[in-house]
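The two complexes that follow have chain A in common; it is paired with chain B in the first and with chain C in the second.
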Partner chain A sequence: MTATSRVAQTAPPAGRNLPTSASAKTATLRSRNRTDPTYYWMVVPVLALFAFFITLPALVGVFFSLTNYAGYGDWKFIGLSNYVNIFKDPAVLQSYIFTFVFALATTVVVNVVALAIALGLNAKIKWRTGIRTVFFIPMVLSALIVSFVFNYLFSNTLPVLAERFGVTPLATSILANENLAWLAIVLVTVWQAAPGATIIYLAGLQSVPSEVYEAADLDGAGSFRQFLSLTLPLILGYLVINVILGFKGFLGTYEIIVGLTGGGPGMATQSVAMRIFSGFTGGDYSYQMANAVIYFLITLLISVIQLRLIQRRGVSL
Partner chain B sequence: MRAARSGNAPIGRRALLKFAGLAGAAAVLPLSGCGATPSTQNGVTTLRFMQNKPEVVAYFNQVIKDFEALNPDIRVIQDFNEGNFVPGLVRNDPPDVVTRGFAQATADFVKKGIFADLADMPVAATIDPKMQELISSWGQYNGNEVSALPFSLAAAGVIYNRDIFEANGVAVPTSWDEFVAACETFKAAGIAPIYGTYKDPWTLSQGMFDYVAGGSLDVAEFFSKLTARGAAISADAPESFTSNFSPALPKMLQLASFAQNGAASKNYADGNAAFAKGQAAMYLQGPWALSQLVAANKGIRLGSFPLPVTNNEADTKARVNVDMALSITRNTPNMAAAQRFVNYLLEPSVVNTYNEKNAAFSPLKDAPAVENPQISGLGASVKEARYYQGAGTYFPPSVPLNNYVQSFVYGKNGDQFLAALDDEWRRVAERTAV
Partner chain C sequence: MTASTLSDTMGGAAAPVRKARRSSREGYKVNWWLTALMIVASLTVLLPLYFTVAMALKTPDQIGTGTGLAWPSPMNWENFAAAYVATNFPRAFMSTAFVTVLSVLGSLASSSLVAYAIARNWNRKFFRGSFIYLLSAMFIPFPVIILPLIKQTALLGLDNPAGVVFLHVLGGISFNTLLYIAFVRSIPVELEESARMDGATTWQVFRKIIFPLLAPMNATVGIFAFLGSWNDFLLPQMMIADPSLQTLPVVQMLFQGEFNTNYSLAFASYLMAMAPTLVVYILAQRWVLSGVMRGAVK
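Presenting the complex of A and B:
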């Protein structure tokens, strides 16, 4: 049994009545159709709320993406021309490229950093609990506030320090540099997102029984070899979960960019979510709804591919 | 091993749908209660007044108090959260009386018939027709309706530090050459000629882009021709940005070269603090910055002048915007009360006092000349109607103009900048024309 399947088992078994030998003969049919109604009471209200507040508005959005609706006033159907125009819009294309590059880079960095922190925090070090607490603080801070604080650091503190120590490339804010601003966004996002990933890795590391390491020690495996051949395969499920949840979250990146660059300098850091949101203020509602539908389909496709990959690995989310 | 995936016996689908339907209906019911309902109780009509300037809430509270004392049958509620306006329209429950900054976005509301016609109101005749023209130039509903009356006109130019000018023996420049010479003088004296706040891209488009464009070409005419061309616009058309703005761009870069070092990492708030401390001689900002500057340094002596962009003094114009325009929403159930309130707001004692207090210009024909030394340098331009509305305000909000301007100032690629504007304009025209 792998560690990952143990995660899956913590979910309560969903109402399958394993026919016991006594009742099997008499009520095979009935027991199959009869489920404890408690489960419905848990699912249906949430389903109704979800349908009303998420699915229904989304469908309304899809509907309006076929019109020239500005968000108010008159409108009429214009067929698929919003979709056609999206594909001809280099600004939209650029936002897609930026978002995907950003999400990929951030996912990689977050997972490397989080795994390293988790390994450190899982080791027998002094003041482990205290240090863990410190590392988890970024998680409880609002991303918007964090990014405003970093904005100040990048724009004021860092240039002053760089000037004093003669590091000229950093003497002007990297947020003002069209080629480097995205790195600042990656940095802040990693700072904010790594603790969450670290928690998942820590849970994974703690599920690895110490016996395997003892055995590896006896066999003479070094610590790097132990990490590569034991730790990593045993927590692979956690890695997959982190990569998938992280990537999906970073595709929707919004508030950290708003707090740091506002999409600038120039158009360098406009994410897709920002472009879509601009439709609400810009009288461009239906056009950006079309953009949202396309983005939804793309993320849906990615999710399906990822889910297939997970299922092949035997992990259940 | 997938533990959580078994046991999906067919849930009574019909029962489920029924339940979802009920839940949906229950959730809709309370929402439908907030449609437009006449709000008269005990003979007192309640008006909702949405104004767009959170910093003048106290002034309007006083105005409302005086108005209610004179009109006991009307109660006015002030709402200064402009962000509620569009949601209000969507819910069909907009405020009764609205003030908005009048530019592209508000003009769009006018085109969609959101506002009532105010042409027959007697106060409409007291407004300076040149200022009314600033509003009607955006297009009138049904071709002749007056959807908004100007309440406050903000004129922007170059804010300058009088002490620094006097200490260096520089007079207010009246031509581009004089302006450049003044900048060189400050530079030679080790003073930053202009304080740049490029981190907030709106300050770039409001400042150097609008000033240089407005001083070198007829902005209103340019945009009316451009709009008439519609989606058929391309970079080589005579109406395009490329064909009209190219000569002006080098002046923008020249202005940028006079900014202090590190302007790219300073924002508007930094700029106000630094300029108030006397860290630069000039500041390309409008009257909205004045109160901030004075708040940061009580003793600062400020003045304003319109930026001369050519060497012909007659070309020098101020950038104006209708900072507040009064409208009544078309479907208000309280039309009579709303008109009485608008009438009151446009009484000289209310509108002139407001503009005097807020470093702005009154829209009334017989308003007294502005004496405030901070903006009096723009008075002549406004009086003689030598003004333009900022080119940036003509852009639909879906075009991120500010970011393009910022990109241009950093990258200095004028052809790319103008071609991008032509492209964006064409794409917006394409998708809004259908």
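Presenting the complex of A and C:
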């Protein structure tokens, strides 16, 4: 450690020519008004790696989206043709429709379920610690393996049970049904994602002072009335965070679909992420890069809305 | 900090009263109806886990054409040994452990250092700019960079678990730095000043004073990094070129072949892949949940 710091002091790194005098008057307790070069050594290597592994691929991707590169061999610039073609491609359009419908439905169900669990865990129940432990188990399991387990439940267990009880519509695997397969994906995603949202709601519920409820009690408000007019408005900020973080995450859904349907039957459950990844093997590398850029712009738009909403609600993130 | 009080109520039994309003006036009466309801609801989590264990202990004959929900008798423990061999479990486990341990250590070291430097130099343009730049990663989903990224890492010979470590650390750095910065700001500068008077360098101040004080946040960041790394499927699947170096979740793809019918073997393998995080969680659940809670409050 001491050896490193000696090196750090003898070799001032990049950024040394930054203005240092301006901060002198703001430095109240600091004994020197020059920044210790060590601070630069703490940040610059990480910044360099970050630029190389995250920013560079993003820029390279944008670059190739303007070419006809197939992933190998020669390429040339073709302007915005890839983007124009994407808007005319029914397969891409279908993947966007599926992904948005899925993300919307999942966001609604996850938040209803998570809020219910959080309210339950926050109430006066017996064996709270044990019940809480059980509810958060899905959080620590691999989504892919969970999907494999549910895959068997949907395609073998459920049909056998359905036959036994005479529920004929479910007697064949719902994963093989073009119209129902997405519901299975929603269900497993909810199973997996609800604990994360529940934690945020629990944090919200515990931020509400109990005096508020005592006052409502004195006024004779029932539990449901208390929930609607007290709890919900007070934890609205947490709801906003959950809805937007969840929606953005569900738009990138991949593992659970791989484990359940692999995008099938046909292309009925193919998400945008799966479409983009097909650029590895399909020979349409640059085309899927254009798709990725469009996907990025959509998520960016959602992030901007998120920041606006959070700022307005005064919730810090 | 509100975070510490929240995690206290999270861990303790003194959580404030919400439901059961009527009974609260008569003292601390338990809401038994709600307790029953919560227990029934928790079956949605327990049943799939029970099912996994039951399946893993069956012979293919016992599975037959049934629902798979019945408990097997006699139990067939050989599935685990067979799955151990079929997936080359020790190698996959070591590969996963390698990625996870280095990702956790890398995340702790890099984000705490960056957060410390940024928080203590907030009045300098360079550090504020760095912060905003790192935050930009939160707006770039992985699917967007993954195609060029894979080509780039392959060119550098990083198409292996070591490459995955880099991406796990860098992918989480925005969120982790954000968590740390708020915490560093709450540490009074006076603590450092006296050490500096005694001649300590910035490195020593960080290592001896700041890093130990960051312990609660280290736990939070460590838990997130551990879970994210151990369970990740996308990056290892796409980045690691040599199948013998694949991680545990990816190895489970082995049982997804069209003609594979040995489900008991598959479930034994699933269970072995899930067991490590599950065991750690059950043993340290109070600690894990308070750590995650601290992240949620941020």
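The rule we apply is simple: the second predicted complex is superposed on the first by the 268 of 317 C-alpha atoms of A that agree within 3 Å, B and C clash if a C-alpha of one lies under 4 Å from a C-alpha of the other, contacts with A are read in each partner's own complex, and residues count from 1 in each chain.
We take it that contacts are C-beta pairs under 8 Å (C-beta built on N, C-alpha and C of every residue); 3 or more make two chains touch, one makes a residue touch a chain.
These numbers were taken from a predicted model, which means no experiment stands behind them.
Peer 1: Who does A:85 touch here: chain B (first), chain C (second), both, or neither?
Peer 2: A:85: touches chain B, not chain C.
Peer 1: In the overlay, answer first, second, both or neither for which of chain B and chain C A:264 touches.
Peer 2: Touch partner of A:264: chain B, not chain C.
Peer 1: Contact-wise, after the overlay, does A:279 reach chain B, chain C, both or neither (first, second, both, neither)?
Peer 2: both
Peer 1: Spot which of chain B and chain C makes contact with more residues of chain A, would you?
Peer 2: For chain A, the partner with the higher number of touched residues is C.
Peer 1: Just to be sure I read the superposition right, which of the two partners does A:156 touch: chain B = first, chain C = second, or both, or neither?
Peer 2: both
Peer 1: Does chain B (first) or chain C (second) touch A:287, or do both, or does neither?
Peer 2: A:287 contacts chain B only, not chain C.
Peer 1: Which of the two partners, first being chain B and second being chain C, lies in contact with A:54: first, second, both, or neither?
Peer 2: After superposition on chain A, A:54 lies in contact with chain C alone.
Peer 1: Using the superposition on chain A described above, determine whether A:215 touches chain B (first), chain C (second), both, or neither.
Peer 2: Once the two structures are laid over each other on A, A:215 reaches no partner at all.
Peer 1: Check the residue A:35 against both partner chains and state whether it touches chain B (first), chain C (second), both, or neither.
Peer 2: Once the two structures are laid over each other on A, A:35 reaches both partners.
Peer 1: Could you tell me if A:121 is touching chain B, chain C, both of them or neither one (first, second, both, neither)?
Peer 2: second
Peer 1: Can you list the residues of chain A that touch chain B in one structure and chain C in the other?
Peer 2: On chain A, the residues that contact chain B in one structure and chain C in the other are 1, 5, 8-9, 15, 35, 40, 47, 49, 56, 156, 279-280.
Peer 1: Could you list, by residue number, the parts of chain A that touch chain C in their complex?
Peer 2: Its residues touching chain C are 1-2, 4-5, 8-9, 15, 18-19, 23, 26-27, 29-31, 35-36, 38-40, 42-43, 46-47, 49-50, 53-58, 60-61, 64, 117, 119-129, 131-146, 148-150, 152-153, 156-157, 160-161, 191, 199-200, 202-203, 205-207, 210, 213, 217, 223, 226, 231, 248, 251-252, 254-255, 258, 272-273, 276-277, 279-280, 285, 288-289, 292-293, 295-296, 299-300, 303, 317.
Peer 1: Chain B touches which residues of chain A in the complex?
Peer 2: Going through chain A, the ones touching chain B are 1, 5, 8-9, 11-17, 32-33, 35, 40, 44-45, 47-49, 51-52, 56, 68, 70-74, 78, 81-82, 85, 88-91, 154-156, 159, 171-173, 175-176, 178, 262-268, 270, 278-284, 287, 311, 314, 316.
Peer 1: Could you please specify the touching residues of chain C with respect to chain A in the complex?
Peer 2: Touching chain A from chain C are residues 2, 6, 9-10, 13, 15-21, 23-25, 28-32, 34-35, 37-39, 41-42, 44-46, 48-49, 51-52, 55, 65-69, 110, 113-114, 116-118, 120-121, 123-127, 130, 133-134, 136-150, 152, 166-167, 170-171, 173, 189-190, 193, 196, 201-204, 206-207, 227, 230-231, 233-234, 238, 248-249, 252, 255-256, 263, 266-267, 270, 273-274, 277-278, 280-282, 285-286, 288-289, 292-293, 296-298.
Peer 1: Touching residues of chain B toward chain A in the complex: what are they?
Peer 2: So the residues of chain B in touch with chain A come to 1-9, 11, 16, 19-20, 23-24, 27, 86, 89-90, 105, 108-109, 112-114, 198-199, 201, 262, 264-267, 396-398, 400, 403-404, 406-407, 410-411, 423-424, 427-428, 430-432, 434.
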